[in-house]
Amino acid sequence: MYRFLLSSLSCFLLLSSLSAQQPVLLYQTDFGLKDGAVAAMKGVAYSVSPRLAQYDLTHEIPAYDIWTAAYRLRQTIPFWPAGTVVVSVVDPGVGSNRRSVVAKLRTSQFIVTPDNGTLTLLAKEVGIAALRLIDEKRNRLPGSSDSYTFHGRDLYAYTAARLAAGKIRFEDIGTMLDPASAVLLPYQEAQIKRDSIQGNIPVLDEQYGNIWTNIPQIHIKQKGWKYGDTLSMSIRKSGQLVYSGKIVFGTTFSAVAAGQPVAYLNSLLNLSFGVNQGNFANQYKVSSGPDWSIDVTKVQ
Amino acid sequence: MYRFLLSSLSCFLLLSSLSAQQPVLLYQTDFGLKDGAVAAMKGVAYSVSPRLAQYDLTHEIPAYDIWTAAYRLRQTIPFWPAGTVVVSVVDPGVGSNRRSVVAKLRTSQFIVTPDNGTLTLLAKEVGIAALRLIDEKRNRLPGSSDSYTFHGRDLYAYTAARLAAGKIRFEDIGTMLDPASAVLLPYQEAQIKRDSIQGNIPVLDEQYGNIWTNIPQIHIKQKGWKYGDTLSMSIRKSGQLVYSGKIVFGTTFSAVAAGQPVAYLNSLLNLSFGVNQGNFANQYKVSSGPDWSIDVTKVQ
Amino acid sequence: MYRFLLSSLSCFLLLSSLSAQQPVLLYQTDFGLKDGAVAAMKGVAYSVSPRLAQYDLTHEIPAYDIWTAAYRLRQTIPFWPAGTVVVSVVDPGVGSNRRSVVAKLRTSQFIVTPDNGTLTLLAKEVGIAALRLIDEKRNRLPGSSDSYTFHGRDLYAYTAARLAAGKIRFEDIGTMLDPASAVLLPYQEAQIKRDSIQGNIPVLDEQYGNIWTNIPQIHIKQKGWKYGDTLSMSIRKSGQLVYSGKIVFGTTFSAVAAGQPVAYLNSLLNLSFGVNQGNFANQYKVSSGPDWSIDVTKVQ
């Protein structure tokens, strides 16, 4: 179970964070890497403290795609130790009245982000321990007051770097907010039915064309399905059937011959589908998003 | 004003650089990240000193596009502190008799680069305090003398790393050159006319399709144009009208409804145009480069 | 000669490694950078030790392309000092019975990888000093035992980080294996014939469209061919002639006019072909791989 993986991890990470000496910033944006935007943010952070380690989650979130930003945080942040400060800037509303916040997770990482839904999955699956509004008067890159369109540089990277470097405390960010007030995107959790499990496809494993569902290992266990069983699967887009077929449930791709479809648990321990050394998404024209639902039963 | 932003920044960066302990290299190339070229450079630099922090500006400068290289340096280097050493390798003339130089900026960052126009905008807008020719006899990766086509690895990264790590001083680079001798690309600055401001489009904000002009905030102020005013804009390619329209001047995208065009000051405080949550460049077939000019007036 | 370059380099790198204080991980994968896979690996490694420096070779190896992974290692690892720990994850057989190994090179870098051919060119051209099987019982991310499809995170990054950070020794990896047992991909070395040199095209210099052959400088020297000579070249795909032409052998691109083809020694000191400021591969429809052979003679 992913939860078990997380709790075992947490011991390991807690020990790690005690010995940490080089504080760390982790960036996620939809900026791409073609221009200087990411480097400007890192320059600001390096200027705050050259001791900071600066890492990239990804800068290839599709432009304005808050849902994918939320998913990537949920996918990776559990593998970073307490004290990690994350800057996430997918910000279609930059300069509007959307709030700028810092969330402290139950597992003690910090997320610096526009409050636009980016926190959805972390809030739900990890938990927000505390939330603060960034006070732009106190926490803004000196000299940047005429700049309204690059909060990533002027507000988020600057504030995150100062927090990571210990130049400000979490309390200095700004007013305390109710964690329950964080903006959440609507989404449907997977559900166990009498004969089936119903879920959706939050994201693709794009590089390989694997289908990642939101059906957790615990649901599979509850149904009593085991490796070696054959699953019958229907994938629908807006209710229209796109794919149906019977697929072996294996530990990994090589449970089936090259070119054959396989069901497996992905690295987040969610039910997933792929083609061994192939591309399921391309082959069967399956994609991801709120329109895509999935229905799985076990073949008797 | 960008100048003001820069001067306020400079205090902040000066203080930062005094406390800097981990020297830093910043890379810009047109190599892309598909192969091992960037990693070979970083290996050479790491071998010079494992203490160096190594960052990327971008490796996706379009192949041989010196102008864009010049623009990206101008966009980002002001956000890195004094002492930062930058390696910029967009080098269509590698192995020819173009010079290899290290420029020390007025703000005390160092740029290690072929002298082919890459320094154009930094020279103009930040200023070169001193320029030295790289003495290839003294400053070349040991064992690389039969390699003529990868100065990025054999000459620039090696020299930059030794400079950043304090293994050589700026004086050890080679002969002093006249800063005014740096090769500059021709370009036209924005001009204030009686009724309008004329400028050009040096670069796109590609990820979002925004149009970045070279018209600075100070020109807008001089004209007395204010947020909330409506601007009338004509964009021409080689003199042919491509777009004309009336656009509200707002602080940021959300000054207009989603899908509507807006004029704003970008993160360098230059006049820019975009579509809120859309893509101006795609929608109106506008691109950037020396052929593209722009003419702006205020609607009375 | 590349060998000479390497031996001169090795002195330099040996001295460097003696003074190294910040241990280093270097990553190569076919994961791409769109999702969170790379960041999850780096989080695991950072959690093992925040002191580690973490660098990327590339994450854009074409999916499942073990040959290219092998080539990129051979291209770059010689430029990283002894003690560097490399994680290479191009792993079409993840979860199958392919072995997971750590190779210690003759030059004392470590490669953590599935044993699927990734070591081919390093084994041949640098040499494997020792090989160990990763004992998954002892060397696995705590809590990850239900995860079968992400050895990059759960096994390789975790083990590599612990090795680099000195938390385990090479001896703690697992059983010693015969270095000669490493899986090697079949490939044909370049050969000197009476009138010609025959070789193949292991890889393209993709960003610029240059053709990199496997014909080493030493073969050219043995033939007595010199800069300024004209070479006659035939390129075949599966025996079918794709290109033939006469090309000047110069030190670098600018030995010919812009738009003209040129033969030169690349940064690995292998015979290569390009078009000055152009793209040879696109212009003449030449690609790389086992099907592509090349035959070079000198024009008298």
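Per-chain residue numbering starts at 1, and chain names A, B and C are given in the order in which the chains are listed.
Methods note: a residue touches a chain if its C-beta (ideal position, glycine included) is under 8 Å from a C-beta of that chain, and two chains touch if they have at least 3 such contacts.
Every value quoted in this text rests on a predicted model; they were computed, and no experiment measured them.
*Asks:* After a C-alpha superposition of subunit A on subunit C, what does the rotation angle come to, in degrees rounded to the nearest 5?
*Replies:* To bring subunit A onto subunit C, one rotates by 120 degrees.
*Asks:* Is it true that over half of the residue numbers where subunit B touches subunit C are used by both copies, so same, or is it different?
*Replies:* Homomeric contact, different residues on each side for the most part.
*Asks:* What whole-Å value do you get for the distance between subunit B and subunit C if each is reduced to the mean of its CA atoms?
*Replies:* 32
*Asks:* Taking each residue of subunit A in turn, which ones touch at least two of the other chains?
*Replies:* none
*Asks:* Can you list the subunit A residues touching subunit B in their complex?
*Replies:* Touching subunit B from subunit A are residues 30-40, 42-44, 46-51, 54, 63-64, 92-96, 141-144, 146-150, 153-154.
*Asks:* For subunit B, which residues are in contact with subunit A within the complex?
*Replies:* Within the complex, subunit B contacts subunit A at residues 1, 4-9, 11-13, 16-17, 19-22, 24, 26, 53, 55-60, 72, 75-77, 79-81, 84, 203, 205-208, 217, 251-255, 264-267, 269, 277.
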